[in-house]
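What follows is a single structure, written as structure tokens, with notes after it.
We just call them A, B, C, D, E and F in the order they show up, numbering each chain from 1.
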């Protein structure tokens, strides 16, 4: 199941790529990086930019990391992205998501996808009260 | 800005439709129903089924109602559904979502939509460790 | 509500564009063409190709025209295309679709969009029996 | 090819899950349930709700079951859902869909996905006559 | 990994299907056709129509073939189509796309998918100056 | 046509927001910023991050700015994003895109959306030769 571009392993990586790998491992307290980063390493500017963004966006803020991870799963399931669904569901579980929470998360995701199409199919006019938020 | 089917107002509604409208207003403690329900009333089985599902799924459970509403917004923004984005953002704000929380919610949604396409474009192979969850 | 490219009216159209407009009006037994064609006329090869394809694909075959029109609505609602949802719902109604049929059509469309995400979110493995069709 | 959550087989299922499995098998006159239901069983409320909805929506009504199944395929192909495309194409074939009917179904689905983007890319303004349906 | 319909090999193909296969091989100067065409051969009108369209649209015009192929990859990655992402990335590479060009192509695709959702989530009103193009 | 969050004009903006607005105007040599940025200003970290990314990604590199802008349009039309379709089509025209180039760009976008669904609907197995790129 080869991808479009090869995986760049640590040993074969340039100094700038290794620096990102090192930061990922240090930040996440793990001893390896997952395939997503090994593929992005084929284009170092993307590797650096995406990691910096993930690090900034997924950090605790007005929303906690688990809520953010669950939002990530909802979007990935909506888009049908196999890789992201697997990796972020694993990430959410590592942050404490139970099977019941996953069940509710996917039930909301499924319901939203359903009512999105009812609203689109019937072309429901937006209520004035929603526009003045 | 007419929709595909007309809005069925309370006064013109059948008894079965009024029963749903009454339950929506009683459950939400409001004195009117929004356009989404007035349009679904053109097909009473859909009106009844969707309301029952919304009521069951969006209730407090393993996830709190605000988290559920924010997941709804993330999906609706991903799908580009104008109606649902307006109505559920209003719903999330009514449940306490601040502008900063919305900012983070959309930042995660945007990032997920971005990395979903990097994973899809490079066809990144799923790591074995993610499959054994 | 200007579009990206202007509408090319019959009087201002070239001979090759008029030939397509004439065929659309003759085939559909109407005395005007709708905006979709007037915009495609900005790129005559697209106008000719799309009209030829619509004419060939939407004609009676193993599936009847109303069924085809309803499939068109299901796809357009799924993609959230405002123009196509309006035009093909009108087309389906002109071919006999009742409000109840529209209700069922959108109920199936909504359900499919929902279960698509449950299957994607849980990454349900495909049953062997489905692969050997 | 492990999914996100395990398959819950009949023997390991709770009484409430078995009741749904029994109803699926009795309704469809089959002696096993497919993986979709075995995965949903990880969240019994979803299993019960989805099965009840599928049973109600896919039943003969103003539209016949084969037409409904084909609409399901059109949506699933549009969304790129591998599981649902396989299972509902198998379902449509079991209800009488021939290879030629599938060919026309996918030709309409493909055409709709194409013209949806032409309408979106050119931002074609909706004709007034379509709004007054 | 069986598909929904079987592959129709040259030896088993009808005369009309062989004529398309022959034209594909002659046009592309290759000695075999890829699976996409072998599957479309299950519905000859689709095979003929799609090949004619691909031939006409992907030919050099106001845009060069490599630019067209890269646009194809951007759309396929956005939709998450595994087959098309693989085949058109291979096609773009055959036309001269380097790893760095692919990196930039996917970086733009990813950014567009991200800002599309920010615009949709915030429902940004279109500037008047953009409407008067 | 109010959006979800208000527009933050220059005079009402904080120093950090003004700094971004100033850089946008200086970089693009224009004397105002468009609504997208005025809305993102409701969440300054997103405003800063997105502008920095747009600046870095859309700059001349292995691909020229016009090609990048056209890829942006293809993705935005595929996703049905009204705002981005208008703004990036205007951007591409400002960089030299003619009506004929737009016609070909949208013809490729439309074709890709079509064949994506044929590949998905038939679940075409990926050719081995495409995997070994």
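The definition used in the following text is that a residue touches a chain if its C-beta (ideal position, glycine included) is under 8 Å from a C-beta of that chain, and two chains touch if they have at least 3 such contacts.
Keep in mind it's a predicted model, so treat the numbers as computed, not measured.
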Worksheet item: Can you tell me the least number of steps between chain C and chain F, where a step is a move to a chain it touches?
Response: 1
Worksheet, complete the sentence: Set D-E beside C-D; more C-beta pairs touch across C-D
Fill in: Selected from C-F, E-F or A-F, interface repeating A-E by over half of its contact pairs
C-F
Fill in: Chain whose Cα centroid lies at the greatest distance from that of chain C
A
Worksheet entry | Distance from chain C to chain B - Cα centre to Cα centre, in angstrom | 26
Worksheet item: From the C-alpha centre of chain A to that of chain C, how far is it in Å?
Response: 33
Worksheet item: So how far apart, in whole Å, are chain B and chain D when each is placed at the average of its C-alpha atoms?
Response: 21
Worksheet item: Considering chain F alone, which of its residues make contact with at least two other chains?
Response: 1-2, 4-5, 42, 45-46, 49, 53, 78-82, 85-86, 89, 100, 103-107, 109-111, 113-116, 118, 120-123, 131, 133
Worksheet item: Graph of touching chains, which shape: line, ring, star, complete, other?
Response: complete
Fill in: Contact set on chain A toward chain E in their complex
4-5, 42-43, 45-46, 49, 79-81
Practice prompt. Would you pull the chain C residues touching chain D in the complex into a rising list?
Written response: 1-5, 7, 34-36, 39-40, 42, 46, 50, 53-54, 57-58, 61-63, 67-68, 70-72, 74-76, 78-79, 81-84, 86-90, 93, 98, 100-101, 103-105, 107-109, 111-116, 118-127, 129-131, 133
Worksheet, complete the sentence: Contacts from chain D onto chain E in the complex sit at residues 80, 85-86, 89, 99-100, 102-104, 106-107, 110
Fill in: Contacting residues of chain A [partner chain F, same complex]
1-2, 4, 45, 49, 53, 56, 131-133
Worksheet entry | Residues on chain D engaged by chain F in the complex (per definition of touch) | 73, 77-78, 80, 82, 85-86, 89, 105-106, 109-111, 113-118, 120-123
